[in-house]
Structure formats: structure tokens, C-alpha cells
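Have a look at these structures, which come just after this line.
Each of the two complexes below includes chain A, the first together with chain B, the second together with chain C.
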Partner chain A sequence: MKNKLNPFLSAEEVKHPTLFWVRKNLFSSVGNVILTLISFFLIYLLIVKGALPLLKLDWTVIKANMKLIFTGSYPMDQLWRVWILVLYIAIFFGLTFRVFSIKTPKLIFIISGILFAFCFLEFSVFTKVFFVLTASLLVGSYFLGSLVTKRKLTQVIGLGWVLLMPFSFIIIRGFGGFLPIVKPNLWGGLLLSLLISLTSIFLSLPIGLLLALGRRSKMKFIRVVCTVIIEVVRGVPLITILFIGYLILPMALPASWTPSVFIRALAGVVMFHSAYMAESFRGGLQGISVTQYEAAKSLNIGTVKTMFLIILPQVLKRMIPILVNSFTSALKDTSLISIIGMLDLIGISTSIVSNPKYLTGSAQVLFFEGLIYFILCFSISKGSMVLEKRLGINTKVGM
Partner chain B sequence: MKLEGKSRIGIKSIWQDTHRRMGLIQFIFFVFIIYIIAVFTTNIFNSLAKLDMTLSFRFLNNPSHINIGESLIDINNSSSFLKIIFAGFINTISITVVAIFFSTFIGVFIALCRLSSNWLIKKIAIIYIEIIRNIPLLLLLLIWYRAFFLKLPGVKNSFAMGKEVSSDGITSFGFSLSNRGLSMTFFKPTENFNPWLICMAIGLILAIVFILYLKHRQKETGKEQRSFLYPLLLFIVFAIITYFILPEKALYKDVPVLGKYNISGGLHITAEWFSLFSGLVLYTSGFIAEIFRSGIQGVSNGQIEAARALGLSHMQTVRLVVIPQAKVVIIPPLTSQFLGVAKNTSLGVAIGFPDMFAITGTIMNQTGRTLEMILLIMSIYLTLSLITSFFMNQYNKKVQLKER
Partner chain C sequence: MGKKELIKFENVHKWYTPEFEVLKGVDYKFYKGDVNVIIGPSGSGKSTFLRTINALEEYQQGKITVDGIELNHNIKNINAIRSKIGMVFQQFNLFPHLSVLHNVTLSPLWILKQSKAEAEERAMELLDRVGVKAQAYKYPNQLSGGEQQRVAIARSLAMNPEIMLFDEPTSALDPEMIKEVLDVMTELADKNMTLIVVTHELGFAKAVADNVIFFDGGKIVETASPQEFFNNPKNDRTKLFLSQILNH
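Right, the complex of A and B next:
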């Protein structure tokens, strides 16, 4: 209907819009026809040689090890704590959607729909209850979010995401008296990967900021030290940094204090990400015009106050999408902790396959884990794009 | 300001004088850093002393008794530690160079697909890029190694092309793919290789002279010369002609042959090498494609329209307007990707490829010389990245001057 009123469309396009589209986008020239045929052949190959053999594989190994893949050897009777964390994330996810989306987002209903659909698969009643709870909290928080003003809601979700790291540690590790303590060596699978990347982002944020400020400082000695630290860490592979954390750190600390493997792995990841975070901060700081500093100076505002009250708020706002995106690279990078023997998402695959029952399951487990990584990283990076648009930041020009 | 600072004495005056204050802060920072370094080193030396060890690199000359799966230089059981680390270094460098070469080509190809007007091919390129960018490299490597190579049949039942069984029962292949890796027919240098090598060197010199001549002519006449294509053709033709003119052939055909347990001869690529290589190429090409795409899209449409309006052909527009401008944007992130490839080869340790990092890891396990090995490998990687960034800066200066 709309097409008929558009004067820029040819008669053919109005008559057969689909046919016109196909001709324009797939068969416009001889070269294009060849390209289309090649791509059809590629798709055919992918389906016949790639996807079909995969579907024929025995996927029971995933079904049997679902719990291991997601939480490692976290105690069964404490599993509800992990679910509480999921619920926490679901609530703030729904609220974030309320703030940042203009139309009613389809995505939130798709996710809850999938979660509901999971209830018809073979899961325990316990799991099903939490699936339903998560789905309803997701939708519920989205609609309940409209009760509060947008300004307040923004503050609430900001606080919620900032508190995610401490909250997850409290709930997963437990604290004296109330929750029995579950030691980090029992954490594993996706839970461990997520916790380590989350923590490393949170800890590398202040360290990276300090390093970036040091690198831009007028004081030569501080500048040189910070530059050297950043460049050394960025110049070597992550795995060397992990080995430093794993093997050298216990040597360098006083003999009375030997950190656990978890802390050592975390230290390595944090060291690594701080250097990269420092570079992101440097980019953000460079985007701030000199006039801001000059204006602050002319108003007789001190250096420290200028930094914390004028410059950093602007930098941080610009950096929200970059921070969200750096979570994906953190998530991907933490996969390396499996090399130093941690049972994260990749490390757990080795231990699953070493079970004689599932010797042939390595391909299935690896593909399933790839799917998990893809879904997480893809949605986070898409989310950061949306954030970038909504916050009105044009990083391309600003940086 | 200086006068003011001198006239007043006391802590407050030091704090109010910018120079003195900065000096004071730096001094405190200096003391702090020195303190931390001192504590760390004393702790490290204490823990070394507990293990009856001292920090020394002298053990590097001892025989290592380590067997390496594959190496491009000649090593054996009694080679020194230094030599096997060098073998690992060569492995790292060789795989890096080959992977960079292939991933750049594939990356450019995918970027072109991504920019194509064909809807289907564009979507395929986008899906490829998104999948690759959102999966950890380690997982890609493991999928290649565990889910692909280790699932292949053994050498006896390998996927083969050009399989021939001679009368005395020897099986030879043109190409074979098994869980040990890839084997294919390859041309190898004979003893008479050197004369041809000299001929090729002469050809190279001729080509360079030709390039210089063409550049000179372009400056003199102002006419555009194909200053790269023709010299390249010259070199290739020269190499082919001299190969056939020389009385003794410089290359011979080496065919892989099935032995009792393994395939020997020909070009053999181990499963580990190929897994690491293909994982790196897949991963890096996804990122390189995005770098090229954003570089090409960064050239404003007005530039292209202006070039077309001036009567430049499509190819000329690309060659003379788009590429020179895109180059400036593309090259810095591209180099950091290349450095990333060199760093990422260290992941070979997860699939058992003996790169520099895997070998130092083995040495750490055998000798307990953790600190020395980590210092060594860090310094090697740092030297690599320093050299690269030095050349990068030189190049950047050159490119940016041209732009003005």
C-alpha cells in the first residue's frame, strides 16, 4: 500500500516487490549472478558437510554434563545461589531495557519465551521453577520499571550493575554464618569464566585509570614508570602474564602468604586488562577538549577536583560502551586460564572428555561451548552498540 | 613564581609551588616503587634460596635432553637449552609469517565480500566476521585440533588424492590428510640448487633496477608507470627461463610415501602446525576484514565522486584515491593485529605445538628455572614489539608527511 504512493519506485517494483528485490540484490549483473551461485554452493556445502554431520553426533554428553559446563563442581545443594545471581541479573536486565529502549523490545520477550520453552525439555523441577522465575522477573521488571521516573531508574540500574561484582562474590562464595562458604576451587565452567572476567573488569577499572592518568602526567618519573608498565604488559602474550601471576607472584609475596590458584589467575588477568583499560582511558581522556581544563583552571579549581568532578564524569560516560565491550574481550581472554589448570568453560571440557564414558564427546562439548561464548559475546557487543546510540556518543569522532 | 617560592619556607610553601610539589610527589612515588621492587626481589631471592637456586642463565648452555616434535633447524637430544629455545623461536616466527600472509589475503577478500553489492555474499561475510570475533581463539584452536584433526582416520586410511601403489608394494600419495597431518608432493632443492639461486638473485637485482628506472621516468615525464607489476613479471620470467636453461635441474619432485607407521617424504605439515595455523588465520582474518572495511568506508563518498567526475576509471579511483587514503587509517591497527598473531602463537601450548612459549614451559617443568625462562620470553616478545613499533612509527611519519 505504502509503495504505491512512493514516486521514486519503478512500476515493476510496485508490482512485484520481492522479485524486484531479488533481481536488484542478487542478479543485477553477470558478476553478481556468479557470486550468488557461488554463495548458494557455499551454503549447500556448509549444510551438507558441516551442519548435518554435527546434528548426527551423539549429544547426550551435553545433556549429562549440563551442570558441569555451567557451574563446574559447585555443590548441588547450594545451586540455588547461582540461580539467585541469575535472577539478580534478570531484574537489572529488564530495568536496563526499560531505560534504554524506545519501543517495547522484542528481545526481552524472545528471551523469556525461550526460557519458558526450556521448561518443556528434560530438566529437573527445581531448574524449571527457576527458569520460570527468571523469565517472569525479566518481563516483570521491565514493566514495573515504568512505575519509577526514568531519572531514578537510571541511578538504580547504574548502582545495580556496579554492585553486581560484590553481590556475586557474596552470594557465590558465601559469608560467615549466613551462607556456607563454597571455596573458589569448587567453582567452574561458565560461572568461573564469568566471575573472573567480571572481577577483572571491575578491578582493572581503577588500576587502568591510575595508569592512564600517570601516563598523561606532567611528572616525568611517574609518566615513564606508567608507560613502561603499560607497554610491557601489552607487549607480551596474556599467557606469559598468567604464568607470572601463577608462578612468580607466590615467590614475590611474603612466604607466610600463599595465594590460592584462583587469586593467582585473577591477578594475572587483572594485570593484563589494567594495561588495556589504561589505553582505553587514555583514548577517552584525549577526547576531552583542552578548554575544559583551562576553564577549570580559570575558575581556580584544583587539579584533583578538576579530574574527578569535571573530566572523569565526561570520560566515563563516553566509555560506557567501551567498558561493556571490554567485557566481551575479557570473557574471551579468560579462556586462557584453562592453560594454567583452572576449570573454566574450556578447562571443564577437557575434564569432561577425560571421563571414559564421554571419550568421543570432545567435538560436541567444544561446539556447545562455542555456542555459549558466541551468544554471550555477540549479545553484549550488540548491546554496547545500542548503548552507544542511546547515550548519544559518537566514538568515531570523539576519540 | 620562583621568587615567591624562595621567600617562604616550610611545608606549606613546598606544597604551593607547582615545581616543588611535583618534585615531592615524584620523590614519594620513587621511594614507593623502590620499596615494592626491593620487597619483591628479596622475597624472590629468599624463595629461590629455599630451593637451593640462584638467578643465573648459565644453565642455558647445558644439553637439554628435550625432544621437540618439529623444528626447522637441526636439533637433537643433546642440543643446548639455548638452541632448542631458538628452534622454538624459529617455529613461532615461521608460523607467524605464514599466518599473517594468509590472514591478510583472506581478510581483504572478506572485507571486499562485506562491501559487495550482492546481498547474499554480504550476509555470509557478516556472519563469518561475527562468529569469528565472538569466539575465543583458544576454542577455535581446540575445535580444529580435537574435533577435526584427531577425528581423522590414521595414516593407513587417510583421505588421499593421487594414491598410487607401485609394483613392489610401496604406496605413494599426491596429497594425504590424516590425524598426523597433511602430506603433499613438493619440489625440493637438489645439490645443484645454488646456481639457480644465484640466477634468481640476479633477476631480483634486475627487477629492482627496473623499478628505480620506472620511478625515475615517472618523475621525469609525469606519466604514470606500472612500477611494480612489470618488474615482478620480469623477475618471474627470468627465474623460469634460467631454470630451464641451466643444465642440471635445481628442483626435484618429492612424493610422500607410506612407511610402516608414518608417511615420509614430500611436504609434511603436522596436525599441530596446521591446527594452530588455521585457527590463527580464521581468527585474524575476521579482525583484519573489519580493519579493512572501516578503512575503506572511512574514505568519504565525495572523494570517490570527485575522482569519477575528473574522469578517473573505477580501478584508477580505487588505486589512486581510495587506497592511499584508506592506507593511513588501516596500517596502524593492522600492525597491532600482526603483533597479536605473534603473541597468539603462544596458544600453541594448548594443542602441543612446540613454539617458543611451549618450549620454555617444558624447560620450566624440567629444570624449575621459572623466573629465568619468563624473563627470557618476555624480553624476546618485548624486543619483537619494540622493533615493530619502531618501524611502524617511521612508516607513519612517512605516510603522514605525504598526506599533507
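Right, the complex of A and C next:
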């Protein structure tokens, strides 16, 4: 009835909506017919040559090395610490969804469902217990989050995410007497990749901001120093920075002063991303009109407060897409540390397939790792879209 | 006349380069409770003159004193002076990421360290006074220009200034909104606040001003009471300017 009244629909369309859609979208002209056929052929090729062979492959290599891929040589008896970190993230993930989603989010139930489903696969009881715990905390924290006011909750999750980095280092590395120390050379796989990218994201934000402000400073000395740091670091490939840290630094410094390979790699990655972040911030800062600073001055608001109360909130909101870009590249760029012999996700895969037992497994391992990276990056970009939309609702008018 | 001297300009010069001098020796005294209207052609330096008062622009030579405090590079003096002065801009310059209420409460909360309840109560009072109380929870871009400008006035008043500077407050507004802003300014004048207004609204100058200052070529050309200024201008440059804008 409604359709008949719509003046934009023809009689045909009302009668056979599906057929009409196919003709309109796939076969509306000779050119489109050709494109449609080519596309169908490509999809056919992708399935037959790409996806189907994957099913025929022997995936035992993944099953057997699951622990290595995720945590490297982290001691078996300390593995619960990694799980505690996962639980911590699950809690704040659930709470974050409580704050940011308008409808009940399907994603939380999908993730929890997948985790429950994993319990029917061949995992140890220990792992299964933590799968169930993670899933229940994810859903549980989402529902329990409604008990607290939104304002309180926002503060709690803010604090939770900020403390994530120190917390993960304390729990993974261990601390004085309570938790036995696990040295960084035992960390590996996804754990190592995530720790390094997380740190570089966390530290590159404040360092990048300081460098950007320094570059805009009125004091010439600070301006020159910051500009030189940014330009030099940005002008050199990350690999070069990593090699300098790995090879040159130990030669230049006395042995007792040289920090561990982990610290050197970490410092290199952080430095590299800070320089890029600085330029992103500079771009963001330039988008703010000088009149905003004047208004703040006329209200007697000092420089630091102006920055935190007026300028940064506007800059950060505009920078979300660019920040997401940096976060995903920070996540993927860490794979380069495998070149200086660190056993991150990529490094560990190289060592797995070099084991004669798994010589035929390289395709599977690479596919699996690609999948992990894709899931991580895709969730970051999806999450940012939700965030953007959410902030847009309040402040589309507020920008 | 026991009027208190509030702002004193003594031979103030400002230049960007020696060839490009914007203020060429300004001497003037503003008195407490006066409404001063500054008029003059574009590029005459009248906005710069206004903006030197709260140190948005530096000056290179001469001396400015505000309520006994010398305006120099000492940041303490600058802050002390700014705390006495509110300013309203041509483009409103509200903070777009904050609601109207937050725009008004921001500096009382963070600078005057008022409690939240106190700051919000006072903000609502001020928003009511300028007639935009109903919009308190909206964001600046949801408001008309006239409403935004009145919010900007409320935001300045929230800092309890003794002096209000207006830098062409109605130049960016549609004609029907000019009146609502001028009405608020007139009300401030009635309450004996010291106003210094750069404007092209001669009607406002005639009706409200105590002094009219004609600015041209980086200098004060003529100052007089509005009756004297509009009916019997002394300087030839003033006569020319007035004939150009009054007889179009």
C-alpha cells in the first residue's frame, strides 16, 4: 500500500522488487553487463583459487604453536598473568560499550559467543576457564555498568584505559617479590607486538604533543630543537632507527650503560611515532583560529589551561580519523622489530616455519597472522567510527 | 568632577616594522563609569588601540596604565589588568565545543575557583539578563549571531570586569539582531560600567556615549561629547568622515 503511494517507484518495481533491483544495479547497460560478468568471474576465482585451498591445508601447525604465536616463550606456569591482562581489558571493553553505545551492542555478544564456542575446541581446561571468564566479564561489566551514573563511568573507563599501559607492564614483567620477574626476552608473539604498539601509542601522544607545541613555540631554541628532532626522525626509515638502536648504540655506549634490546627497540618505535604524531598535532593545532586564543586571553585564562580546556578538546575531536590512522600503523609497524631479532608476531612465525617439522606450514602461519592483524586494525577503525558518531551526536553543532 | 581616572595612554606607539606604524603617539585618559565610543575609517588603528588595553597587542613605545597598574612585559601586571577587563569580539569567539552554559562558567570555575553551583547560578543569572537563558544547554552554532554575541557578553561579565571592551560587536550581525545586542550594551551603560566601544553604530554613540573619539591614521584626531561631535565637529578630517557616512 505504502509502495503504491510512493511516486518514485514504477509499477514494475512494485511488482517484482528483486528482479528490478538486479536489472537496475547489475545489467542496466552494456558496460555494466560486462563489468558484472568480470566481477562474477573474479569472485569465482577468489573462491576457487584463494579460499577453497585454505580449507584443504593442514592447520596442525597453528594448533601446535598457538601458545607461541600468542605469547612467545612466556613461561607456562606464569601464563595466568597474561590472562589477567585479558580480563582487565575485557572489563573495560564492556564498560566502554556501556558508555558509548546507544543500542545494546551486538558485538559484545558476538565476541562472547565466539569465546564460548572456543570452549568446545581442543583447548586445555585452564584456557577454557579463562575463555569463559573473559566472556562473562565482557557481558557482565556491560550490564553492571548500568548501576553507576554515566558521568562516573566515563571517569572510571578513562582512568582504566590510561592505566592499561602501566598495569600491563607490571603484570607481565612482575614486580618486587610479589610476582616473579619475567624478563622481556621471554615475551613474544602477539603479546610482545601489542605491548610495544600499546606503549608507542600511549607515549607518542604526549611526546608528539610536546614536540608539536615546541615547534610552534616563540622561543627560538626550543623551536629549533623540536624541529630538528621531528625532521630527522621523520626523514629516516623506522628500520634504520631500529638498527641504530640495535647495532650502533651498544658500540657507542659502555656495556653497562646499554639498555636491553627490548628497551632499545621500544625507544626507537616510540621516537618514530612521536615524530609523526607531532606533525599530526601541528596540523590539528593550525586548524584552531587565533581568535580562540584571544578569547581565552581576554578571559584571563593562562596558556596551559587554554591548551587543556579550549584548544586540545577541539583538536582531538578533529584528529580522530588521523589518530586512528596512526594507531593502526603503529600496530602494524611493530612487525619491523622482528628484523632486529625480536620474536614478535612476525618474528615468531619465521622461527616456527624454520622448524623442519613445520616446513609446509608457512602459508597457514602467515594467513593466521594476517587475520589477527586484520581483526585488530579493523576493530580499531570500527571503534573509532562509533566514537566519531557518538561525539558527533553531541557536538556536530559543537564544532 | 571627581571622576576616577581608569586607563591612561601616554604617547603610545605601535609598529610592526618601522615603516608600518599602526599607533602613532596616542594620549588619552578613560574615566570610570564613562561610555567611550571610538569611530574612524577602517585601517585607522582603532581596533589595535582597543586591543592594546588588555594586551592582545603589544606596544613598542610609551606607557599604558590601567587602574594604577603599568601594562608592561610583567605577566603579573598583564594578568592583573586582564582580570579587570572583559572583551567582546566582532566574531563572538565563543568556544564551539562547549555548551552556552559551559562557555560562561569555564573561567569562573577555573580562574576564579568558584564552586560549580555558584558559577552556574551566576551564569544563569547573566544569561537571563542578556535574554538567552532558554538557550543555556545549546551549543554556540545552534544560536543566531545576535544570541551568540549576547552569550559572549555574559561570558565576559561572569569574570566581574570593571571595564568592558567591545570590538565592533555588531559588525558581523544581521540588521535585525543589532538592536538586541545594542540594548544589552545600553543596559550595561545604565549600570555605570565603563565601556570602550569600537563601532560604526552612530545611533548608539549619539544616544549612549559620554565621549566620542575619532581615530584616523593611527592617531586620535578629535574627542568630544556626542552632541558637540556630531553637530559641531572641529577638525576637517572629522567633518569629511561624518559627511561621508551621514549623507549616503
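General observations
Note that in this section the second predicted complex is superposed on the first by the 357 of 399 C-alpha atoms of A that agree within 3 Å, B and C clash if a C-alpha of one lies under 4 Å from a C-alpha of the other, contacts with A are read in each partner's own complex, and residues count from 1 in each chain.
In this text, contacts are C-beta pairs under 8 Å (C-beta built on N, C-alpha and C of every residue); 3 or more make two chains touch, one makes a residue touch a chain.
Everything numeric in this text was worked out from a predicted model, so none of it was measured.
By the touch criterion stated above, A:256 is placed in contact with neither chain B nor chain C. More residues of chain A are touched by B (comparison of chain B with chain C). Residue contacts after overlaying the shared chain place A:313 against chain C, while chain B stays out of touching range.
Look at A:292: by the touch rule set out above, it reaches chain C but stays clear of chain B.
In the superposed model, A:305 lies in contact with chain C only, and not with chain B. Once the two complexes are overlaid on the shared chain, A:10 sits clear of chain B and of chain C alike.
Annotation: chain A has no residue touching chain B in one complex and chain C in the other. Within the complex, the chain A residues that touch chain B are 25-26, 28, 32, 35-36, 38-40, 42-43, 218-222, 225, 232, 234-240, 243-244, 247-248, 250-255, 328, 331-333, 335-336, 338-339, 346, 349, 353, 362-363, 366-367, 369-370, 373-374, 377-378, 381. On the side of chain C, the complex with chain A involves touching residues 54-56, 79, 82-83, 85-87, 89, 91, 93-99, 106-107, 110-111, 138-142, 155-156, 159, 165. Those residues of chain A that touch chain C in the shared complex are 291-292, 294-295, 297-302, 305, 309-310, 313-314, 317, 395, 397-399.
Considering their complex, residues 22, 25-26, 29-30, 33, 40, 43-44, 46-48, 50, 116-121, 124, 130-131, 133-139, 142-143, 146-147, 150-151, 343-344, 346-347, 349-350, 357, 361, 364, 370-371, 374, 377-378, 381-382, 384-386 of chain B touch chain A.
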